[in-house]
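Two complexes follow with subunit A in common, the first pairing it with subunit B and the second with subunit C.
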Partner chain A sequence: MRPALTRTLLPLLAAIVVAGRTAAQQTDPRLERLDAATRAAVAALVDSARRALLPTEPLVQRALEGATKRASGEVIATAVRRLAADLGKARDALGSTASPAELNAGAAALRAGASPTILTQLRQARREPLTMPLAVLADLVASGVPVDSAAAAVLALAARARDADLVEFRRAVERDIALGAPPAAATAAAATAADVLVNAGARQQRPGRP
Partner chain B sequence: MFEPVDDVIERIARHLRRPVQIDPALDRRVMREITALPAPARGGPLGEAWRWLRRPHQLTLTPLSGLAAAAALAAVVLLSRLDSTPSASPQAEARAFQFVLVAPRATHIALVGDFNDWDATRTPMHRTGSEALWTAVVPLVPGRYHYAFFVDGSRWLADPSAPVARDEDYGAPSSVLTVGGGGS
Partner chain C sequence: MRPAAAARHVRTASLAAATSLCCLRAPAAQTIGTIDIGVSTVRYDGFLPSSAASLTPTLTWARPGAAVTARGTYLRFESSRRSLQGLVAAALFTPPSLLPHRWRGELSLSAGGSSYAHFASFWHATAEARLHVVAAGRGAWIGGTWGRTSYGSVPRPVAVASVGVWARRSWTTVTASATRSIVGDTAYSDLGSTLHASRGRFEFDGSLAARVSSRGAGHGVYGEASTTLTLAERTALFISGGRYPTDPVSGTVAGRYASAGLRLRTAMPRPYAIRHPQLPSRSPASGDGEPGLTTRLEVQSGLDGTVRLVVYAPIAATVELAGDFTDWQPVSLRRVGEVMWEGALRIPSGVHRVNVRVDGGRWTAPAGTTRVTDEFGSEVGMVAVP
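Presenting the complex of A and B:
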């Protein structure tokens, strides 16, 4: 029985495993838009991210964005490497159960200047997906809001606010900034208004007393 | 009268002991026939492998071997899934998003971003209603997307109605759209 097993099953398993590994390591055909040297560098970063169980699609898109915008190979490789590092830090802060979308948004928040501690606190504060709170945090900082103000406001809202509430909060801040309000003050005011709305919504959802 | 039995046996034995006379050309004829037969196909290791694959085999598995096989298959499936980790779960439902840009003097505008591999040929925008209004509709699953408008094949424009993407690397402006609802 054992020779039969050795002669038939083991080669079959080896073939399956090798085929799977080969398919997984094949360079993404979309990267053919890059020159050979850049393609090799980006493919190595993508492989490394895959081995670390990080999402690879954001890295491929970052490289393709650079190719379309005619950035040099060195700039593209640097941008992809930086994003891979940020995705790794985001995963460390958010935990291994974070979705690819959350990791991508977390990487943007870290790049904007948020600390990993903020990401961890957001994870602890909110049961729903963190994609929107992290994205709003990054977007506010990009609008000129100091990172501490943006983080404090998003943390305060994250536990109960729905995604739509957070989008409306971000729009209110951007509107006030466009009208001339200082970014930190605009954020604090919009956060207070949003908190009132969120709490009112939560009260309405409670079952009425007899 | 009959011969005695012993004599008969003796006569048969004598006959059988006589050497058989064979045609001396027989060996040559046999070897010629063998040489004329078609040689069996070899094909080296590949041919051997092909014949091995086509031959029926009987497998006998211990429970432990079966578990090992299942684990190997699971590893292959896991590897292939990791290879294609998109921005959001592929099972997530896509929603249509309309992108709008007012550009009265433009002759051609392409919408490019993370949702179309930054390919300027994939999502051309169309004039709708007013001559100045350009629109495109793209289905998106939950996630965070960078995008921009590519005007007349030479100019990059960010979306004035969306958050700006911070980008220290590529310089050209782009915007961000976050689609909520993705699970963790």
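Presenting the complex of A and C:
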């Protein structure tokens, strides 16, 4: 009985493994927009990322962005390789449980100039998904806010702020910058204002109080 | 003060609230409306216990640095007597550049009125100034309140001095405060603390206070607690109860109560990922002083899970958009106005890269996004979609 079972199961398992590898190695059809050499290079990077359990969609998108902008194959491959490295650093900083969206936002923050330490501190400070705090952090730094100021503000808010609060905070910074405030000062002021506003909700009446 | 006068104050307060909320418009403003429908059992000091049904509509308009709240409460007791309350309160913060770093000023105004059956009525109008000092996760304030209040006779002056501190850790905010209030011949001092915690769909508020000295406003220890459970985007359940002191300023009589009810609210306002709908002369994407008047992108989250993309392009025959949510395939936008083009797409929450082109020209990072240099010799716009 056992040899018969073995004879049946082993080929089946082998077929599943081979089929899985073949499927994994199949080139994403969207990459058909790249020339053959670039497609092969990008597909290899995507496969490598998949084996490292990194999200591959951002890599495909980066390659497609290059194709849309008519970049050379070498430039596209370099961009994809760099993003894969950033995703890896983001995963190291955020932990293996980080979601693809968090890793993508973390990679953007790292590329903008945030340090891996800041990403780790954010992970420790917030239990909810980090996608929006990381997005706001990347956005602030890319807007010209010094990394230290941006990180301090986002870290201060991340523990308790909802995603909508973070977007509102980012909006306040943008408005103050547009009105001429230095980015660092605008960030600190907006974070301060967010604190005060939360605290100053003294007009709230307890529900049901007759 | 006669009941008719109190009713007039209630109407005036309600009208002022409606006028304020209708007339105030700002790009970053949000307006939220709620209606609490509840039942209570209440025992005012010196009265027999009674049950009551309540209806409390509230409208809040807020933008960074300013907020206006208008609230009314209709109570119908088991004796068939009715109580009507109305309040409008506004708070305005000083701009960050006015005071030194970490300091903010706040001016708030409050006006309201109430009437019970046809034999008790109140109104008040007060102004409060606060000076805040704020650090990361904690702060303190000192404030003073001045105004007038009336309980069935000539108006009495109101003067209140307050100091307080607060701290916030993770999901919890605690405050501690001390106030000294003088209302005509009545004077009293309160020491109080509050706790607010919010986690997931639950929100908890508690307070504990003591009236430590009083001339004409009673003594005692008071406490209240309430919990709100959000059921869906527009509905929540609440339960609350406790004992509160007499408030000679707003005309509240001390009592104890327990309530439960349903909160209905307007759809939660979805924040714009990209803000100003106008065409400003500067933005993060044109913060170097370039006039960002070529194109401007505005991203709005829709209630149905789609994201509305609006591009303002002053002179254009066609406008296309490409990003990591379109596989970088150009998507033609639909013209909806003289300079406005739009499209609706499903875009997951997160950081996205996007470019726009007009009349088949080169891909550009539109104003309204954060412009960064891409790896391909041009620029790309970054947007954060909530």
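Following the convention adopted for this analysis, the second predicted complex is superposed on the first by the 193 of 210 C-alpha atoms of A that agree within 3 Å, B and C clash if a C-alpha of one lies under 4 Å from a C-alpha of the other, contacts with A are read in each partner's own complex, and residues count from 1 in each chain.
The rule is simple: contacts are C-beta pairs under 8 Å (C-beta built on N, C-alpha and C of every residue); 3 or more make two chains touch, one makes a residue touch a chain.
All figures in this text were calculated on a predicted structure; none of them were measured in a lab.
Q: Could you check whether subunit B and subunit C clash or fit when both are placed on subunit A?
A: clash
Q: Where does A:G66 make contact in the superposed view: on subunit B (first), on subunit C (second), on both, or on neither?
A: Both: A:G66 reaches subunit B and subunit C.
Q: Tell me which partner A:A159 touches in the superposition: subunit B (first), subunit C (second), both or neither.
A: second
Q: Just to be sure I read the superposition right, which of the two partners does A:D139 touch: subunit B = first, subunit C = second, or both, or neither?
A: After superposition on chain A, A:D139 lies in contact with both partners, subunit B and subunit C.
Q: Answer with first, second, both or neither: which of subunit B and subunit C does A:A98 touch in the superposed model?
A: So A:A98 only meets subunit B here.
Q: Is A:T78 contacted by the first partner subunit B, the second partner subunit C, both or neither?
A: In the superposition, A:T78 touches subunit B and subunit C alike.
Q: In the superposed arrangement, does A:L130 touch subunit B (first), subunit C (second), both or neither?
A: first
Q: A:A172 in the overlay: touching subunit B, subunit C, both, or neither? Say first, second, both or neither.
A: After superposition on chain A, A:A172 lies in contact with subunit C alone.
Q: Touch check for A:P55: first (subunit B), second (subunit C), both, or neither?
A: Touch status of A:P55: first partner only.
Q: Pick the subunit B stretch that clashes with subunit C in the superposition, from 7-15, 61-69, 79-87 or 151-159.
A: For subunit B, the listed stretch overlapping subunit C after superposition is 151-159.
Q: Check subunit A for residues that touch subunit B in one structure and subunit C in the other, and list them.
A: 30, 58, 61, 64-69, 71, 75-76, 78-79, 82, 101, 104-105, 108, 112, 131-132, 135-136, 138-139, 142-143, 163-164, 167, 170, 174
Q: Okay, in this complex, where on subunit A does subunit B touch?
A: Interface residues on subunit A, with respect to subunit B: 1, 4-5, 7-9, 13, 16-17, 19-21, 23-24, 30, 50, 53-58, 61, 64-69, 71, 75-76, 78-79, 82, 97-102, 104-105, 108, 111-112, 129-132, 135-136, 138-139, 141-143, 163-164, 166-167, 170, 174.
Q: Mind listing the subunit A positions that touch subunit C in their complex?
A: Within the complex, subunit A touches subunit C at residues 30, 58, 61-62, 64-69, 71, 75-76, 78-79, 82, 101, 104-105, 108, 112, 131-132, 134-136, 138-139, 142-144, 152, 156, 159-160, 163-164, 167-168, 170-172, 174-178, 181, 185-186, 188-193, 195-200, 203, 205-210.
Q: Considering the complex alone, what residue numbers of subunit C touch subunit A?
A: Checking each residue of subunit C against subunit A gives 28, 36, 38, 40, 42, 52, 54, 56, 64-65, 67, 69, 71, 75, 83, 89, 91, 93, 96-97, 101-102, 104, 106, 108, 110, 130, 132, 134, 136-137, 139, 141, 166, 168-171, 173, 175, 205, 224, 226, 228, 238-242, 244, 255, 257, 259-261, 263, 268, 270-273, 275-276, 280, 282-284, 287, 322, 324, 327-330, 348-351, 353, 355, 363, 370-372, 374-378, 380, 382, 384, 386.
Q: For subunit B, which residues count as touching subunit A in their complex?
A: 57-61, 65, 68-69, 72-73, 75-77, 79-80, 82-89, 112, 114, 117-120, 142-144, 146, 150, 156, 163-166, 169-172, 174, 176, 178, 180-184
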